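In what follows, structures are represented as structure tokens.
Both complexes below contain subunit A, partnered by subunit B and then by subunit C.
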Partner chain A sequence: MAMAALRREGRRFAAPLISSQPMTAIRSSLIAEEQTPLGLRSISTQVVRNRMKSVKNIQKITKAMKMVAASKLRAIQTGAENSRGLWQPFTALLGDVPSVDVKKNVIVTISSDKGLCGGINSTSVKISKAIHKLTAGPEKETKYVILGEKAKAQLIRDSRKDIELSITELQKNPLNYTQVSVLADDILKNVEYDALRIVFNKFHSVVSFIPTMSTVLSPEVVEKEAESGGKLGELDSYEIEGGETKGEILQNLAEFQFSCVLFNAILENACSEQGARMSAMDSSSRNAGEMLDRLTLTYNRTRQASITTELIEIISGASALEG
Partner chain B sequence: MIYLSFNKIIIIIIIILCKIFYSIRRRNRQKRVENNIQHPLSPADAPPLPISESADADAAAASSTTITTMFRQASRLLARSINQQPKMMARAFSTDVPATPTVDSTFVESWKKVIPNMEPPKTPLTFMQPRPSTPSTIPSKLTVNFVLPYASELSSKEVDMVIVPATTGQMGVLPGHVPTIAELKPGVLSVHEGNDVTKYFLSSGFAFIHANSVADIIAIEAVPIDQIDQSLVQKGLAEFTQKLSTATTDLEKAEAQIGVDVHSALNSALTG
Partner chain C sequence: MASNAAVPFWRAAGMTYITYSNICANLVRNCLKEPYKTEALTREKVHFAVSKWVDSKPQKSSMIRIFLDLGFLRCAIRSDTEEE
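This part shows the complex of A and B:
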């Protein structure tokens, strides 16, 4: 009976109290007493048991998602590594000038469609917004082309009017060059650009993803930069074989470069997405395991407390009878 | 005349080539499988062979209706067949960051001025394998990088000469060649090293020859010549010539023309 009184007092005080005990412990001691048919009162472990069941399920699900992400990563990783040689010849020829000053910038942000992949999409969006700020200025305009649902959701909130094109469901079919080529063609047809900046997460290892920005210049800008000297100055020394004019070749070159760089970028981002999902699900299952341990302790405490209460009631009842 | 962008042309060429290579790969794979599996009952081998022939024809017909499945399977098969050479990159992690990363300092500075709190993103310059500088004398060997989207066929291979199928004709490249940017048409690439000649049939692409005797050849599809089936080439050529004569719109005419070009190039590759 003393226990019941204490419990009732606890209920009155616990509401405004900020105790150091975990919430589950307080809740279990505040649980409404179960009304058994014999009038016996016992603390219910039902709520704790339900929580334990759901946390265990979450742990199983996240473990399974980690395995799935690991197998998908294995599948795409070889593809991404093989495609790494694709953009190097272009950078060797045309150099890499991210600090080029042009009027029309288009930022191509690559992100995932599905969530639960850690912070890579937020990183890409942050970098895209920063590049937007960097390339802003009088008479300059910067637009977005978004690949993937997650970046669209984040960018549409404050830069809705700057979004030129958004493409989703890239990974419905396994990625191959032809699909990316069609995509690149679409983008180039619908968007006017002087410089395209592709923002993606480069896959460095299973736990590290490096945000990267590749720059593809339009043929007019390439010619201008080549004339003005600097990094592209050696371009004039190259002979052009095929095609009628140098401009035509440069046009084809720019389109080809964009589709190659985009292909590599999409593959790397897909790898990064799977790797990030793996580590996110791994930490999630670990957290679920720890939560389960804490809940088990609470459960045992509650169970023992209810047994002790029953015993006390029985014994005090028996001793009252004896006299 | 209709204007087709470069990428569009490449896509059409790949669609055409996939039809041939898909059935070739399928047949090669089945032949290899049949050779590996030792059946105790030999009559069991006889029925699979004629069925596989018709299955290939059916597969080729069925695949042409669904382009996406064809791409998937073709790309998978192509990747599998091309990845037979031992690859340089065997490590699973941190594959291509070179020892001395180079950074574009003007970009980093302008970034830090506007956005001081965030790290600037890395640029491809950081991940670039460094290229040799231009030597003063003409080197004895040509370094060739032959890349495809699915693999690096040859990376930094030292050879004596390559012959690339530029749009202006077959172009031979020796060490010390003047720096050139060449657009490629579907044709044969032959790599000469000593007495060995390796020939590949390329879809279109680009070839860059730098002053330091490094040649970069970028193509979308490449197949060793001995894997091309003559009969399929003839069939395709006949089909596309017929399509060209019955084409109505500019787009159809352009596609049929490209088909005819590709198949005649394949033909001359096999005969020449």
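This part shows the complex of A and C:
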């Protein structure tokens, strides 16, 4: 939003500066968007001064937002890195098979509630739509579960009928595992699925966020895939203690895996959101600074032109009196 | 094959493994001593707004879950009966 405002300000200045004006108008009238009527001798620098003040305020605000995003990032980053240890054992045991072919796919798209964070929400939505297209087919069904306002706004436009659940206001309290597990529980209870595909932005560093997809299979599909061999086929070589059957254990594991993977995904997406916001606000402040420089030059030119005009008038008046 | 071994009691009551482990975690957190206890209980706050979509329209049902630490068990049971 701040970027759009800055761009609008820039366009207002770029246009009159580029176009050439007729000779009769004073050069300083190039500045005002509201062209001063011909013959008017003095130009008010007020317009330029107002623009400079508003651009300076925008710059202060975006700088402050960058600081806030940096401090929030520091707070969640350790959490996100620690949570990676939750799902890694699951991937080691059950594998992550994005190419599994199932009838019912549910795409869980994770996005932010607030804006001004660069392009991460659009990339998540783009990837979700691509996955939707990939997994579509005869007798197959793909649904969306949306976390966050921004993805909801984008997906409502063309995929309304495929949305199953939408969840917002996730970051009101600091993120913790209990909240995400209750959310995962809700999703599991309300949605039928064969495979859950979680789309989020993985946090690599403050400037790089990679859109990622994690796949969690339902226990029945795990059984089916186990028969076809591969990593899942080795599950039978494990010894099961206690009185539970393999099916029950698989069910518990599948639920817990979903909860862990979702927890990590939400944390990583939150980190990416703060990082993207930092860089967006940083480039905003830089643009505002450049715009301020251009405005200052224009302001000085206007001021000098009006002073010159006054001098010319005085001198020509004086010389008219003499001679 | 029908269930031969007894399904664990919590699965028979309709809970998922996630709910079961959360209740156990809550019990463990309540066993802590004082300064650590309040710190740990802040990690239990849950707040989000979920809305189910039917026929391309979000339901207006306000399923906002606000769990306060000790009320977890009560809330969990209440929400299960709500969904029926």
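By our rule, the second predicted complex is superposed on the first by the 281 of 323 C-alpha atoms of A that agree within 3 Å, B and C clash if a C-alpha of one lies under 4 Å from a C-alpha of the other, contacts with A are read in each partner's own complex, and residues count from 1 in each chain.
The working rule: a residue touches a chain if its C-beta (ideal position, glycine included) is under 8 Å from a C-beta of that chain, and two chains touch if they have at least 3 such contacts.
Quick caveat, the model's predicted, so the values are computed rather than measured.
Q: Looking at the combined model built on subunit A, do subunit B and subunit C fit side by side or clash?
A: Subunit B/subunit C on subunit A - steric clash.
Q: Does subunit B (first) or subunit C (second) touch A:259, or do both, or does neither?
A: A:259 contacts both subunit B and subunit C.
Q: Looking at A:157, would you say it contacts subunit B, subunit C, both, or neither? Reply first, second, both or neither.
A: Neither subunit B nor subunit C is touched by A:157.
Q: Touching A:188 in the superposition: subunit B (first), subunit C (second), both, neither?
A: Touch status of A:188: both partners.
Q: Mind working out whether A:166 is in touch with subunit B, subunit C, both or neither, as first, second, both or neither?
A: A:166 sits against subunit C, while subunit B stays out of touch.
Q: When the two structures are overlaid on chain A, which partner does A:176 contact: first (subunit B), second (subunit C), both, or neither?
A: Both partners, subunit B and subunit C.
Q: Figure out whether A:245 sits in contact with subunit B (first) or subunit C (second), or with both, or with neither.
A: A:245 sits against subunit C, while subunit B stays out of touch.
Q: Taking the contacts subunit A makes with subunit B in one complex and with subunit C in the other, which residues are shared?
A: Residues 173, 176-179, 181-182, 184-185, 188-189, 243, 251-252, 255-256, 259 of subunit A touch both subunit B and subunit C.
Q: Could you list, by residue number, the parts of subunit A that touch subunit B in their complex?
A: Touch list, subunit A to subunit B: 77-79, 81-93, 96-99, 126-127, 130-131, 133-134, 173-174, 176-179, 181-182, 184-185, 188-189, 199, 202, 204-206, 210-215, 234, 237-243, 249, 251-253, 255-256, 259-260, 263.
Q: Could you list, by residue number, the parts of subunit C that touch subunit A in their complex?
A: 4-8, 11, 16-19, 21-22, 25, 43-53, 55-56, 58, 64-65, 67, 83
Q: Using the touch definition up top, name the residues of subunit B that touch subunit A in the complex.
A: Per the touch definition, subunit B meets subunit A at residues 5-8, 10-11, 14-15, 68, 71-72, 75-76, 79, 83, 87, 89, 92-97, 104, 106-107, 110-111, 114-115, 118-119, 121-125, 127-129, 131, 145, 147-152, 155, 166-168, 171, 178-185, 205-206, 208, 210-211, 214, 216, 218, 220.
Q: Can you list the subunit A residues touching subunit C in their complex?
A: 160-161, 163-170, 172-173, 176-179, 181-186, 188-190, 243-245, 248, 251-252, 255-256, 259
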